[in-house]
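As structure tokens, here come the structures.
What follows is subunit A paired twice: with subunit B in the first complex and subunit C in the second.
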Partner chain A sequence: MMAWIAGCRSCAAAWSNACLLRSAALALSFSLIAVLLAGCWDRTEINDLAIVLAAGIDSPGEGKDYLLSAQVFVPRQSSGGKAGGSSETTPGGVTVVKSATGSNLAEAMIRLQTKISRHVFWGHCETVVIGENAAKRGLRQYLDFLLRYAQFREHAYVYMSEPPAREILALLPPLERSSAEALREMGNLKLGAKVTILDLAKSIEGVGQSAVLSRLRILPPEQGRDKLATMPYMRGIALFRKDAYIRTVTEPISIGVLIMLNQLENYVFTVKLGDSKGFVAIKPLQIRTTMTPRIQKGVWSMHVQVETKGDIVLNTTDLALLAPDQVKAIERLWKEKMTGIIQASIDLAQKKLKTDFYGYAAAFRRHYPKQWNASRSRWESIYPDVETSLQVKVLIMRSGKSESPQGVPEDTIIRK
Partner chain B sequence: MIEKGKISLAQMNILIYPAILATSILSVPSITMAHAGHDMWFTPIWGALVGFLTVFIALGLNKLYPERTMIEASTAILGSVLGKIFGLFYMLYLPHLTGVIIRTYGEFIISNALPHTPMYAIMGTMVLVCAINVRSGLEVIARSGQIFVALFVILATFLLALLIGELHPAEFLPIGEKGLRPSIVGALAPAAWLTEFILIAFLLPFVHNRSKVVRKSIIAVLYVTLSMVVINVVCLLLMGDMTTSFAYPVMIAARYITIADFMQHLEAFVIAIWISGIFVKISVFLYVYSLTIAQWLGMKDYRPVVFPTAFLCTVFAYWIARGKSDISGIISASSNLYTLIALLILPSLLLAIGMMRQKISGQGKAAP
Partner chain C sequence: MTKSLRRSGKPLPLRRHLQEHTEPAAVHPLSSHLQDNVAALHAIYAEGSDVTFHAFQINQKIEAVLIFRSELCDTALLDRQILGPLITGIPDNLPLNADTLHRIVPVSSSKLVGTLTEASLNISSGHPILIVEGSSSALTFGLPKSEHRNVEEPTAESTLRGPREGFTESLTVNISLLRKRMKNPNFKMKSISIGQYTHTTVRLAYLEGVTDPAIVAEAMRRLSAIETDGILESEYIEEWISDQPKSPFPQMLSTERPDVVCANLLEGRFALLIDGTPFALVAPVTLFSMLQSPEDYYQHFMMSIFIRWLRYLFYFLSLVLPSAYVAITTYHQEMIPTVLLLSVAKAREEIPFPALIEALIMEIAFEALREAGVRLPKQVGAAVSIVGALIIGQAATTAGIVSAPMVIIVAITGIASFMIPRYSAGLASRLLRFPIMLLAGTLGLTGMMLGMMLIVIHLCGLRSFGVPYLSPVTPTSSSVWRDVFWRSPPGANRNQSSNHRSNRKPGMPIIARQANKR
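Let's turn to the complex of A and B:
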């Protein structure tokens, strides 16, 4: 830089004298600028990048090395169709999975790079899958790595998988470009718990010290198809105490867990009416859970209110669904059903697992900061004894396209 | 007078806005949270009180000597020996502060965008451009500032608006979890940043329309405070208690934006905001420092010292720290005290002495 300034000065001095000297000085100063600009130290061409779409973390067991897998996008095959000979039975193959082991994730990542001829780029990794064994060892190391290494996005969705994460990443779903894309779309659809890296870290590091993740399994492939040509799907919710996986809950408890977390969408409640043979299916349009903590005379209690509105999507009873009494009866049964499911999930958290999955601690901290700070060290003994009162409010909004039941003669329908 | 250009009051306030926010936008959320916890979002409001104080000191000095910068005024107030010692302090302090700013810029770019690029290329290119800007005179600095501040404000508003969907208003509570004390301690950082309003004392002599200066300066402080509050609120509502665990929370927030599957990976915008803001900030500080040197030495023009000054500040940027952890040490609470002494306490002493002298000489004149 100093040389450049000197060049500039000599240029000014030469102004009145010789034109030759001036242009020589100019040329010198420009060439000096070129020295400064020559280095494109951080230039990486896109065809030198191995773009990672999903990361998988596995562990064969306590004390053993971690296995880090990366689902790498293969750009050649993504553009246009294949040259020929493509058959229905082979999957699209736009991704490959590479894995490497290491005593920690950073080490595994560097070893992974040695197996790939391009610069591994994690900036587009939208999905992180953690295998069950790796989850049992605690998420702390993974979270620190994902939130420290600059390339990872905090918005990536995190899942736990029952089979090793590597197997989930290896799948080549027929419907999507990659299993990472499939999992991201499933996250956006809220088919299970939608948890990003940031959410997960907040929930573990927060006062509740717990977390939930959707649990993945592999859909068995159709007969005659390649065994990789299938999708991962979500089944059950994995529960974490502090950062370690403790157990999985499946329906109906998992539904209760999602309701308590305000995360349930895409579900249908089936209500069976006592005296008739049929049933009514209700799709909730929205479910809102609010928690109101209360501390009175040293007694800690939590009031949980669940408000939901739903549409009837199926009716195989003979009820016409027009009479208010009939709707009331269905609402009552729906309410009982939901209350049962939610209560079971509350009991599981408070009595059995004694882990605050639903944010009780955060609620007490927000509304009773003084009492909370005085007794936060005793929270683990307070939590199981917090009296939870549950109130469910349901409302059936509409009965769908039809009013009276279809597929039965008019005279069997009960109108009142 | 050394500077022949004149700027308007609005231009001066536009220069001050990024001169304070450019660096605070990245580090203030996590520094304030480290001390104030959940109450961090309103700490800049306490800081604003210090901002007002600084503005009044700067305006007071300007009222005593309307056509002199703080360095020129110091010799008039303290006499030539003491005044030169006072000026010498700023000769030594300003490269330190400017060096910190340049280094903060370098560290941010290296850790977020260009990890393999050598530090001298990142800092050197920026300082070179700023030095050329400064050499072109105050009017040019002010005009380029107007363009970049517009960019800065539009992009920042755009980014923050895109995050609205991801915010959890419940995070506001609890307010005053441990009383008011933590939020006041946490306010030290925004306060230190707001003391940079003392720059007014260097720039005011070149402002041609100074009739509404008090009102406009107060509004400028309010704008800066409001911007800090908004940034803190967004970080708090997005990341909650985790805000303090990140080096650059605003960067994390920008990376978190995902709208309709294609509005994502917007962190480059934060870098664009940062560069446009820091360009103005480094230019302003470089200008003030060059001006200080020229006035302290009694030179007729400040332009010859701009490039040496720029080089000195770049070298300071290397000297002050080895890595990111050293930088954090420099901008943490204890060294905020250092900033407060340089930018608030010394100018206020100068003003107090100046006012006393004026009173005494006023009485002296009245007596006979």
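Let's turn to the complex of A and C:
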């Protein structure tokens, strides 16, 4: 009997020991689950995301609410037949545009969320379009928001649009998946100024206190097509002093601006030859602008050197373009043309708008840090009087596939 | 009460019981009376055994009994070499006892045994026993019938270039395959018999002067500490003598290629050859040696380097690819390139499950499919691949159960795990994939890294016979790196054996493990 009790007691002890172990293991696994579950709540499936491809900022005017628009991707499985068959129809609803108003952008963003059944996800917003009216109110608030709110990418491209930004975002371009992608591709092709959010903020906050943005317009849709089935395109350059929009320049001055910013690609210069009826079109292969600041005896001057090389792509004159003299003559005319354009854009910045778009201040600060520090407060008065000397060097590399003009009788061609 | 009784109750000591029963004559020497010996052996082989007791007279004078298992002995040789001469051809003037017969029977391997245990062991191994009236020792002859498979191409480790011989189940054949390649007399072997019932012969092969003697001694110690009923495959031994049998990473390399064994011997490792299985074990190994294929050395070194890097990359992928997909698509969508995200979003739109569940479904289905393919006969195996490709690949996507990107991820993971040349090394990444996937699904990339860190910590602590598992990367011995991250052509890498011996630095302790404490 005693043995039985003793055995029972020892069994009970073993029991409680096992119990303790088991409850410890249980507690441990529960705490592990708790840790893991905490992470679990953050989970967002891709199905639950409203992926924003482009953001648009509009404002009806001073003192009124801001309108924030988001171009949201509609993840619908495109069935094979539809995509392959009819390219004539509009690409129905790959994106939708949702907008919300607010007294500031953050408020508008939160209100936008209330209109969309999924998490609005700005992490892939690679294009920001700012409407002209919104731009006039100053870019400061937008930049602060875009660079502070964690989801935005600072390398998103920024454009200014002549029509409201919302209309640009609403377009469904036939060629691309979305107008955001179209604008991104155009930026990569350098069809205008390629400016990211970070570039924009840096150029406004930098010593130059100015910025340029490409200006967008909407290509009129083809007849009989849906009015949304068209593309935005870049026309002109919008100029900003500090963070405020001042004016837009168009060709040819916008070309000069782009040359000064070292950003011109995809352009053709047309040169009219004085004595003959035709013209010659030259496509530059490379344009390089270098700025050399100089301070001598208290006189601030800037030497701008533009070097360019190009090919002739069109010739409607009777010149055979083989004789060096002919090429020299064309080069001279091209040089004159470029000098004129660039000089006009320099004059516009220095004399008319008195705003340093081309980075004079940065160049002076880099080359003459002492003088710059001594006179940085007077820069606004110094800048318009900086003597700018412009030197353009041009070189025609090739005359194209044909040496002599095509489509004219042999005997009319001028060979020397 | 009953419950606690059962808890404290000890199991019946079955093993000891059996042991006593089967070895009744553990210390009994043979007697000089023939009838006593025969009676004792008859008692051992009383029922259900098929031992032949063949009684005859030597030179028609002295009683003798030949005891053998007819299915294990070469009976034709037995008749010709033993019975024939003994019955008729012994000169009369010789004293007829076991000692004399030992010298005159024309069999090259004959031996005298003095105890009943030895006698019965020899009978079980297929060696006939001759007991002569008046002799207290018996004579055994090495005339086993060698029933074994021919040397064939190793099926689990095929190479395009390289020897096509593989080990067989016969230990003697396997040893001959090794001896054929390694002609230096320093190629030594130690023998040990393991298993109370199977008495499996295990040979430890090493190169004297190349292999660290401390490692050989430790291996012999661990082998002799094994207490088990039987050894049927190399894995039995591996689990007994590995440093950490609970680790999913194999600490011994199993191979069925004699050339691989020889290469490892040259690099200062030892090999275990086990009777009855075509798989030899090699140790000590490191993670990087598990990721090497014999073909790395049989083809141009540039190709080998490329393949080796590809293998490292895919080994990593086979471990983390599904987890990375789950983590990035559910927590870090901003990391995916925009266009790719849009495609993934399109593909995932109709899928009812979260990415984690989707990944688990697909990975488990894949593992099941793979297992089914391994077990099935070859003719049915084709059906499995059709079912796998069509049902899991095609139909599941069209039905909207899993998304196409997930199928791609699982497919790449599958290919990646097939790229690992050692089947046993791939098991770890196959298995650990699942916990990492769960961590990735609950904590995102943080969880994935957490899992990776745990694995690396585990690997850092792992040792194979005293050699750190991650050497030569950590602890670093950069002189060996040219055979880890690189495969230098011969000349640059001439002195192979010495540079591998440096895996274990002289003072490094071998972590002794009590093999009998399991």
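By our rule, the second predicted complex is superposed on the first by the 362 of 416 C-alpha atoms of A that agree within 3 Å, B and C clash if a C-alpha of one lies under 4 Å from a C-alpha of the other, contacts with A are read in each partner's own complex, and residues count from 1 in each chain.
Operating definition for what follows: a residue touches a chain if its C-beta (ideal position, glycine included) is under 8 Å from a C-beta of that chain, and two chains touch if they have at least 3 such contacts.
Just so it is clear, the model here is predicted, and its values are computed rather than measured.
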| item | value |
| --- | --- |
| Contacts of A:Asp325 with subunit B and subunit C, given as first, second, both or neither | neither |
| Partner chain(s) touched by A:Phe73 [first = subunit B, second = subunit C, both, neither] | second |
| Partner chain(s) touched by A:Glu410 [first = subunit B, second = subunit C, both, neither] | neither |
| Partner chain(s) touched by A:Glu62 [first = subunit B, second = subunit C, both, neither] | neither |
| Contacts of A:Ala201 with subunit B and subunit C, given as first, second, both or neither | first |
| First, second, both or neither for A:His367, with subunit B first and subunit C second | first |
| First (subunit B), second (subunit C), both or neither touched by A:Asp42 | both |
| Partner chain(s) touched by A:Gly123 [first = subunit B, second = subunit C, both, neither] | both |
| Common interface positions of subunit A, toward subunit B and toward subunit C | 36, 39, 42, 123, 153 |
| Touching residues (chain side subunit B, partner subunit A) in the complex | 111-118, 121, 124-125, 127-128, 170, 173-174, 176-178, 238-242, 245-246, 252, 255-258, 261, 264-265, 307, 311 |
| Complex contacts: residues of subunit A adjacent to subunit B | 1-2, 4-5, 36, 39, 41-42, 123, 147, 150, 153-155, 188, 196, 198, 201-202, 205-206, 365-367, 369, 372-373 |
| Residue numbers on subunit C that touch subunit A, as the complex places them | 1, 4-5, 7-8, 329-331, 333-334, 338-339, 341-342, 344-351, 354-355, 438-439, 441-444, 446-447 |
| Partner subunit C, residues of subunit A touching it in the complex | 7-8, 10-12, 14-15, 36-37, 39-40, 42-47, 49, 51, 53, 73, 75-78, 121, 123-124, 126, 151, 153, 177, 181 |
